[in-house]
Structure formats: structure tokens, C-alpha cells
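Both complexes below contain chain A, partnered by chain B and then by chain C.
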Partner chain A sequence: MLGSPGIIWFVLWVLVPAYTIVAVSMGYVSDSMLPVPEWNPLYWNVETLTTVFREMRPGGTFSRVVTNTVIYVACAMALCVLVGYPVAYYIAKQAGRWKALLIVLLTIPFWTSYLMRMLAWIGLLATDGYVNRLLVGVGLLDNPYGWLEGHGFVVVIALAYGYLPYFILPLLASLDRIDDRLIDAAKDLGMNRLWTFLRVILPLSAMPLVTASTVVLLPMCGDYYTTTLMSGSPSTAMIGNQIQILAQGGPQQNVGASMALLLQITLILLLSFYLYASSKTNRTAAPV
Partner chain B sequence: MYCWTGTIPKQTFQSFEEQYGVEVRPTFYGSPDEALPKILSGAIDFDVYECSMEQLPIAVANKIIQPVNDSYLSNKANIWGALRSPWYDAEASYTIPGSYWTTGIAWREDLLPAFDPSSFKNPYDAYWELDGVAGKVQFLDYIRDCIGMTMMRNGVDDINSTNQSDLDDAVAAIRELVQKTRLRLSADAYQTLAQGTNWIEQAWGADVYFAGFYLPKDVPQTVLKFWAPQDRAIVTSDTWVINRKARNPVLAHLWMNHLLEQQHAEKMVQYSGLVTPIKGMEVDNLIANGIMDERLLPALPSPHQIANGVYHAPLSKEGETAWQNAWLAVKSDA
Partner chain C sequence: MSAIGSDRRRIRLPRLLAVFVWAYILWNLLPVVCAMAFSFNATRSRSVWQGFSTQWWSGTPLSLFDNDEYASALKHSLELAAWTTVLATALGTVLALAVTRMRGVSKHPVNFILMIPIVTPELILAVGLYLSLTFITAWPFTLVHLGTAAQVVGQVTYTVGFVVVVIRGRLGVLGEGLEAAARDLGAGPVAALVFVLLRLLMPAVLVGAMISFAFSIDNFVITEYLASDSSTVSIPMYLYANARGGNTTPALNALATILVVMTLAVVALAGLLYRCATRRETGSSDISSTVALGA
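Take a look at the complex of A and B:
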């Protein structure tokens, strides 16, 4: 009974939309350019889906955006780990009485929408923006640099910046639960700081890192507005950009739905791996 | 009311509300591509819709809109003669004209002082021929404008061609430009030109008007330049149409009639840089009467450009598919 609101929510806003994507993918588009979903699995036509899958492989029409997406997301995730892990660990284990304040500061980005934060970056990185003024002012650059002129690394930095708060908060919550006595025990047994980190803290951080990575991986893979705003160049397009073009309207909305479906399947597989690894860890850690 | 964002000034809504004692509830769309699926699926319950001309046959075929009743449109006589029975709607039985604009080349004269489009045999070649503009070039992020103009650059007469080789050549040309200049695709031409992020852009004439508001204070507005040919300019227009199931069909007609009054058309051009083709709104008049600044002369579509322009026409489903595939190839640089 208590779970019914959650179940209703899940059915209405997760299952029904997901099934609609499947039905549109397996259906066709009318001459009026309206998608005609095929709701009955017995009549599903998988041709569009298989064609899109073929085109996503190397050499296919969508291979470039798949490659871009994988590279950008991987690099942005690495940046999130490099920047987010020390921050989360410090707040969880070292901040002491400043912990509450730092957590509040961490939530500040949530007060502004993701889109607004990206738009603010445009002002910062514009040719006459503050970043160029600073770099030219201190003599690091002779002329303003064209940050917004279609560079993949700017997209990566923007993705990492945009999703970092979503990475740090779950990581922080998980790291906070690491038993301090284990760290003390390692020190008592003669491990120095480095070995304590490598042999105790890092292994215990593995699942929290996977959890936090999963939280940001899912939206990053479907992101399209970060590259649109920070680059705008076709050479930095991601899968989300192609889905947006196709799904917005026109004669190939079933192709857009097929791309979205394949992306969903990939992410579900990754999520399944996470759930499997998570349950395995819990079983290992469970008292005998 | 379902209309483009940024085309109708607030005063126009207010004056209509005051005149007829009604409340106007506008819903705005960001592009016709976004609006059409909502119109077709019935997701938007509208009385009157600002419909792009290439969507018109689709709206008629799907019985979305109804013919207009001229008895409510007393200002129809104000419409420029050639557009009282336009090519897209014989006898204007379903529409009144909305706003007109041209697509052309916009540039910053202070950043490209030696640039003159007319010095090129085909001015659209400029994007490909200019040196030293890597990272400073942008095309409109609209399928028909971007590919259509590239077709004209490639020497294709019909900007609505669905010939696969024409589309392939256009894609190849745009890819070449991406390689050479890291071409950006965006709809914010007015902003990026003003900021100096881009030096040369494919833009709408209205973008040059808007860019004036975004320029740094120490840069004069005269550095914003625009070129579109007098003959065979790419001209785009919106029309106003009425929902077949409109709950307020008479008011919808009165709104259309309202827009055909010169005072409202003047407010609209000052607000959006878009020209309503009615008497008194000829470019020379707008400048002579101080409605618009003289620097905007090339950016405002003249009656001659409208009469002799090339237009985005409706495509068949197969044609739409071919264009969308070309657009996907452009957008993914694949």
C-alpha cells in the first residue's frame, strides 16, 4: 500500500514513456509525418532498429557521434573522478566542523538550472569574456582564445563542470559511510598514508565511485545541449544531437526513437553491471 | 495564439486586448519544425497560428486550418498587390501574410575590413574562399537555410531540390567548410556577431538589427553589415492561419486584421526587424520616416526582393527524408 504512489509514478512516467519509445521505434511515420506507434509486439518491425544499429557501427552514418559521445563522456567522467573524488573524500573524512557548511556550498549549483549555468559559461568563455581578459591580462595569452569555436575539450570540461555536483553528492554520501575504524586500524598496523589510501580507502571507495559515475553517466550520454551551447560545431556532435533532430519532427521519428532505444539498452546494460557488482559487494561484505 | 517567439511586440497584444476587450494567451515556439508536430497531433489548442509557408500544404491536407472569411478582413486591401494572391495560397484563401525576411551574409566590417561580397563571382563562395576566418564562421542551425544556401553556392538553381547528388554535394561542401573553419551551426547569429565570436555568418536580415542591441558600447552599429542579392535572394515568410476547430474564429480574423494595420506593422518591424508586406511598410518609407535606421537598408526585404526571391517550398515525404538524412550527415560531420 505504502509503495503504491511509487509504483504508479514508475508505471506512468517510466514504463509508459519507455514503451512508447519502443512502439514508435517499431512503427512507422505517416505521410502527414506523424509517428504511428506499433503497440502490439506481434506486429513489431525491427528493421529500423537494426538499420540504426548498423549505422552506429564504425563506418556508419552515426559512428562519428557515437565515438564523440564515448570519448567525451569517458574524459568528462575521468575529470569528475579527478576533481570530485578528493573533494568528496575531504568533506566526508577531513572537513570536521566545516563539513555542514561545505555540503551546503556544494548544493549551490543546484540553485541554478543546468542550462543557465551553461549559458553563464558562454559569457565567461566568449572572445571578449572574463576568461580571455584574465589570461591576456596576466600575459598567459597574447590574443583572446576562441574557446567556443568548436573544440571537443571545451565540451568535455563543460560536461564535467555541469555534472560534477551530481557526481560529488552521492559519492560523498557513500564515502561518509566508510567505517573510520578501518582506516585507524590500517594506521595502527603500520601503514603510512599512501598505503592506507591504496590498500584500504581506495578499495572501499570502488562501489561509491561506480555509484556516482552511474548517476552522471546516464544523463551525460543523452546530453545534447552542452555541445550545442559550448561548441555548435558538427564536429563535436553527440548522440543526443542526432536524436533531437530526428525526434523533433519530420519523416524519421521512428529512427530517432530507435537511436534513443539503443542508447537506453546500452545504459540499462551498464546499470545492470552496476547492480550486479553492487549486490556482489554486499554479499561479500555481509557478516557470516 | 501559437506564434514565433520574439516576433510580436507586447504592445500589439495589448492594443488588441484593449480594442476588443479580450485576453490574448500566446504560446510561443522556437522554430517551425518544433511547432508542426504539435499542430498536427492536436497537442496545441489554438485559434490562430503563425504558419511558415512551406508547412501550409501540410496544414491544409490534414484539415488543420480553415479558409478565411474576407468580410472580417477589411485591411486586406493594405497588402502589397503581388501578395494578395501569393504563389503559396491562391487568392489568399487560407492566409494573410505575416512577416518577411531575407537570408544572406552578415559580417563585421571592423573585423573583415577588406571583405565585399560583391567582389566574388558567387558571393556565397565567400565562406569557403576567405582566409584567416577559422573559428569565426557560422551558419544558421536551420535545415532549409543551411543546405539551401549551400546548394545556391554550388550552382543549383532550385533550393528545394531533392536530387540526391545536389544534396550530397551540399553536404560535402559544408563538411569542407567544417574542416576549414570549424563552422558552427547556431540560431544566435545576432549575439555571436555582436560579441565578435564570429566575423562572418549566414544570417537573417533581422539578426543584423538585433545584433545592434548586443554590440559593446564602444563599437558603432555601422560595423554590422548584411548582404542579400536583389534577385534570387532567399526569402522566407510566415503566414497567419485559423484553426478549423477554432473556438474564437471571429476573434482570430480580427487579430489578423489588426496585424494588417500600419501602426502595428511599424511596431513589429521595430521590435523584430521583420517586415509585414502592407502599404507604407516599403523599405524606403521605413527609412525616410525614421522608423528604421538607414544602415538596415540591405537587411530589410524590399518589395523587389520579395517578388523576385527564391522560397523554401513544401517537400514530399521522400524529399523530407532525403533532406533530413543530408542534415544528419551535416550535423554529425559523418
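Take a look at the complex of A and C:
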């Protein structure tokens, strides 16, 4: 069979690892304080999972990383929409002869190493860096500001900066497909610009916006390097930092695996909601 | 595509929007250009410009081309990228062909499995692979040790899905009639597949290979999680470990510059090749949709 090597590969390196996370999370801790995975579902021990779940709620040990993750990801996604939608819309529908050039310019950061893009800001935001020099120079700041010393808002801006290229390109591709005749028709029927935008363009952009948001939501939820690089402080740690620390060896691997499992379940629920919404839109939308 | 730019009757939003878009592009590109420029700084500083020199590129024991640590990271990244490109392209091509031929119920579970790595945060994929490689004591898990082998397995798993998406897109454009036509004209099943379909697929296979290369060389999370010792440090891992270090010199910026230039060169080449190869066809996708697929 043509497909068998690929399918065997995916079973071995995707399905088995996924099951291993579950087995470690539902496993036990041996007398020598090492985690032991439980492969047999009949003997699964859900104690770790329920404890971790309890500790992730407000007041628990892990509530900090959960709150940070939710707030940072929500704010960064809002920034993505506020900045990315106008950019994508302009390039798809208004850019005229500049369109090809603008698409190339958007593609460059898409293929530029994420770590390089963070590294670039580390230089600029350093205490003696050019951002501080500029702000002190024009009188907005009296003294250089420690941008990289544990500020949540810097992490949010860095996340938005980092993921915007992955948000804009899929959005641009779908906005490009909106039929221009619909916009012309709205004009011919006497709608002004604002109404055309609100009643025609915006509803047609809703699903592409949800798709693009999903594209960046998933990796953002597992991100730990952005906050490490741009803040480095435990007070701005995200859930990814906690999973990364716990799962890589040590007696608390079952706790790390449980957190990874809970995160993945949450993301699967969000993704199913998205798939449900998109299939519903496809069914109700008139064929163009 | 072409009808859009020429239409002049479109409502024009204020100039403000154009200014906003260009400001966004500058905000996006300028910091990276600055970071590249700092690799030519005359002093150790990575944040204040103090004159031009090439000392961080070559000439001193601390420069990029004269330092074993940088050389080892560069070599390891290229080694991983070579393995990943070959394996992911081969596996992805075969899988794409197989999935398009599948009929009926078997198609859905296969599609579902293929999508898992694309919609899962890399960290979770990495944790799963790490745990299964350290806990499972059965073949073939015992064959793959943390380090280069595990890193290649992880990167291929992460990349194959994207290769399949690119090649299936091309298969969709080619349609299903070509192979049947070749068979009608007397070609055997293998000949029809290899001489007709695979030949026409070559541009997409090349694009798939280059995407795998770019993904591999930029990959950080999986590569770091499945590393073993200092000999398996890749360029992105090295950047991450040293980005905020007080002793770090502009040679790090030089290393990052190499990484960026390599990736962009490969992707640009892929785009050009694809354009040339599919120029004469109608409905060929432009670079933006090729790239958007990668997202």
C-alpha cells in the first residue's frame, strides 16, 4: 500500500506519543519518587489530573500561569485583529499596483526565524537601546525604562508582533476571495462606504477572522519562549513555561503531562467549536 | 487575482489606511534589519552602534567563522535540515498520493491524523515524543535516542503535514484524468505514476522540500526538547540560550543573520521555481497562497 509508510510513521510518532502523555498523566509515582506510566486504561489513576485541574483554578498553585496565559493570549489576539485586519483588508482590496510588493514584504517576516525577530527587539529594548534613547530624546521618558524586566504588556506586544505574520497571510488569502461584485452591488444599491463596510464586508470577513485567529491561538497557547526572552521573570510565566519545566525529567513529569493533557483538551474543545461554526457558515452561505 | 488590482471603481478608504499598512511593514522589518546591522558593530554592544567592523564575522577567536561553538551549531542545523528535508519530502509525497487515491471511510481517519501535528502546539508534540522516547522500552522507540535521531523524527513529524497540504493542492489542480489517460495509452500502473504523475508533480515536490528545509532550520521547540548534549545544539537553540546573556557578542547577530538569509533564500528559490514550472497553466496558485498554505 502506497500510504502505509506514512500512516505507520504517524501512528508511531503522533498517536503513541499522545497516548504516552495520557499514560504518564494517569500513572503513578514509584517508591523511588519516579513517575511510572500506566498503559492499561483499567488501572488509570485520575488523581494527578484532578489535582492539577484544581490547582489551575483561581487560588491554586498554577492559577498564576493560567491567568497569565489567558490574559496575554486574549490581549495579543485582540492586537492581532486590530492591526492585522486593516493591513490584510487594505492589501487584499485597496492596494492596487502595490499589492504584489506588499505581499512579498509580508512574506519576509513569515519566513524569518521567530527567535531572530525576538532577538532584534532585545537589542532595541535594552536599557541603553534605541527605543529608550528615542523616548528620552523626545522627552516622553525622563530615564531609560527597563522594558525587558518582567512586564506583562511587553510580553503581549511581543506575542502580537511575533504571531501577526501568521495571522495576516491566511486572512489576506481569504479576504482576497471575497467577490468584488458584492461590494460593487452594495454601492450601486446606494450604500455609502461605512454601510458597505458594516453590512457587506464585515460579515463576509467574520469567518476568515475566526480562522486566522485559530491559526495563531493554537501556537500562542503553547508558547514559552516569548515570555522567557522578553521578560524572563517568573511573574510573567505562561502555562507553556510550567509544562516545559515539569515534563522534562524529574519526579513531577506526571504533573507536567497532566497540564499538557488539560491544555490539549481545552484546545480541542475550542477547535471543535471552530469546526462547528465554519461548517454551519458553509451550509448557510449562498453559493457565490 | 488580476481583475482585482485594475478595478478603479472601488470605494477608497482614507490615505490613513495606507500609512498604517506601511507603518506596520516598517515596524515588522526594521528591527530585524537593525539586528543584522549590529553584527557589523565595532564593539561588543548589541544595542548601541559604534562603528563598522567585520570582526564578529571573522578574524578573531570570538568571530562567527572562527569559533567552534558557532560552527558546531551551524553544522548541526544543516545536518538536521538535510535529513528532515529528504525524509519529510519522500514521506509527504507518498502520503499525498495515497490520500488522494483513498475512497470511502478510510479517508476520514487518515485526514484526521494528518491534521493533528498542524493543530497541536509544538510544545505538546515535543512533550509527547520526549515522554514516549524515554518511557517506552519497545522497538522502534529504543532505536531512536535523544539527540540527532530524535530531533529528526520530531521535525519530520511536524513538517510532513505541510508537505502533504502543498502536494495535494497541486494534485487537485492536475485533476484525476492524467493517470487514467496514460494508462489508456498503454502505460503500466507504475509507469503512469512515475513518468506522468510524479513528473508533473515535481514543482510541488520541490516546494515541499524547500518548505521542509525552512521549517527544519527555523525549528526551535521540538529540536530543543529532543536534544541530548552540546553537540546537538542547533542555531535556534543557541540563539535562545544566549539571546539575553551579558557576555553575548554581536557574533550571535551574525549567526542569526545567516539563519535568516538561508531560510529566505530557500523560500524565494522555491517560489521562483514554482512560478516558472507552472507559468503556462491557468489557475496556478501565486506565492501568497502557497505561503498561506504553510500557515
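Here is the rule we use: the second predicted complex is superposed on the first by the 262 of 288 C-alpha atoms of A that agree within 3 Å, B and C clash if a C-alpha of one lies under 4 Å from a C-alpha of the other, contacts with A are read in each partner's own complex, and residues count from 1 in each chain.
In this text, a contact is a pair of C-beta atoms (placed from the backbone, for glycine too) under 8 Å apart; a residue touches a chain by one contact, two chains touch by 3 or more.
Note that the structure is predicted; figures quoted are calculated from it, not measured.
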{"item": "Chain B versus chain C as contact partner of A:33, first or second or both or neither", "value": "first"}
{"item": "Partner chain in contact with A:47 - chain B first, chain C second, else both or neither", "value": "neither"}
{"item": "Contacts of A:248 with chain B and chain C, given as first, second, both or neither", "value": "both"}
{"item": "Winner by number of chain A residues touched, once chain B and chain C are compared", "value": "C"}
{"item": "Touched partner set for A:65, first chain B, second chain C, both or neither", "value": "first"}
{"item": "Partner chain(s) touched by A:148 [first = chain B, second = chain C, both, neither]", "value": "both"}
{"item": "Which of chain B and chain C A:234 touches, first, second, both or neither", "value": "first"}
{"item": "Chain B versus chain C as contact partner of A:128, first or second or both or neither", "value": "both"}
{"item": "Touching both chain B and chain C, residues of chain A", "value": "126, 128, 148, 228, 232, 248"}
{"item": "Chain A residues within the chain B interface of the complex", "value": "29, 31-34, 60-65, 126-128, 146, 148-151, 228, 231-235, 237, 241-242, 245-246, 248-252"}
{"item": "Sites on chain C touched by chain A in the complex", "value": "1, 3-5, 7, 9-13, 17-18, 20-21, 24-25, 27-29, 31-32, 34-35, 38, 45-48, 91-92, 94-95, 97-99, 101-102, 110, 113-114, 116-117, 119-125, 127-132, 135-136, 140-141, 153-154, 156-157, 160, 214, 218, 220-221, 225, 236, 239-240, 243-244, 252-253, 256, 259-260, 263-264, 267, 287-289, 291-292, 294-295"}
{"item": "Residues on chain B engaged by chain A in the complex (per definition of touch)", "value": "33-34, 36-37, 40-41, 58, 61-62, 134-136, 138, 141, 174, 178, 182-186, 195-197, 216, 317, 320-321, 324-325, 327-334"}
{"item": "Chain A residues touching chain C - in the complex, by the definition given at the top", "value": "1-3, 5-7, 9-18, 20-21, 23-24, 37, 83, 86-87, 90-97, 99, 102-124, 126, 128-130, 148, 161, 164-166, 169-170, 172-173, 176, 180, 183-184, 187, 193, 196, 215, 218-219, 221-225, 228-229, 232, 240, 243-244, 247-248, 253, 256-257, 260, 263-264, 267, 271"}
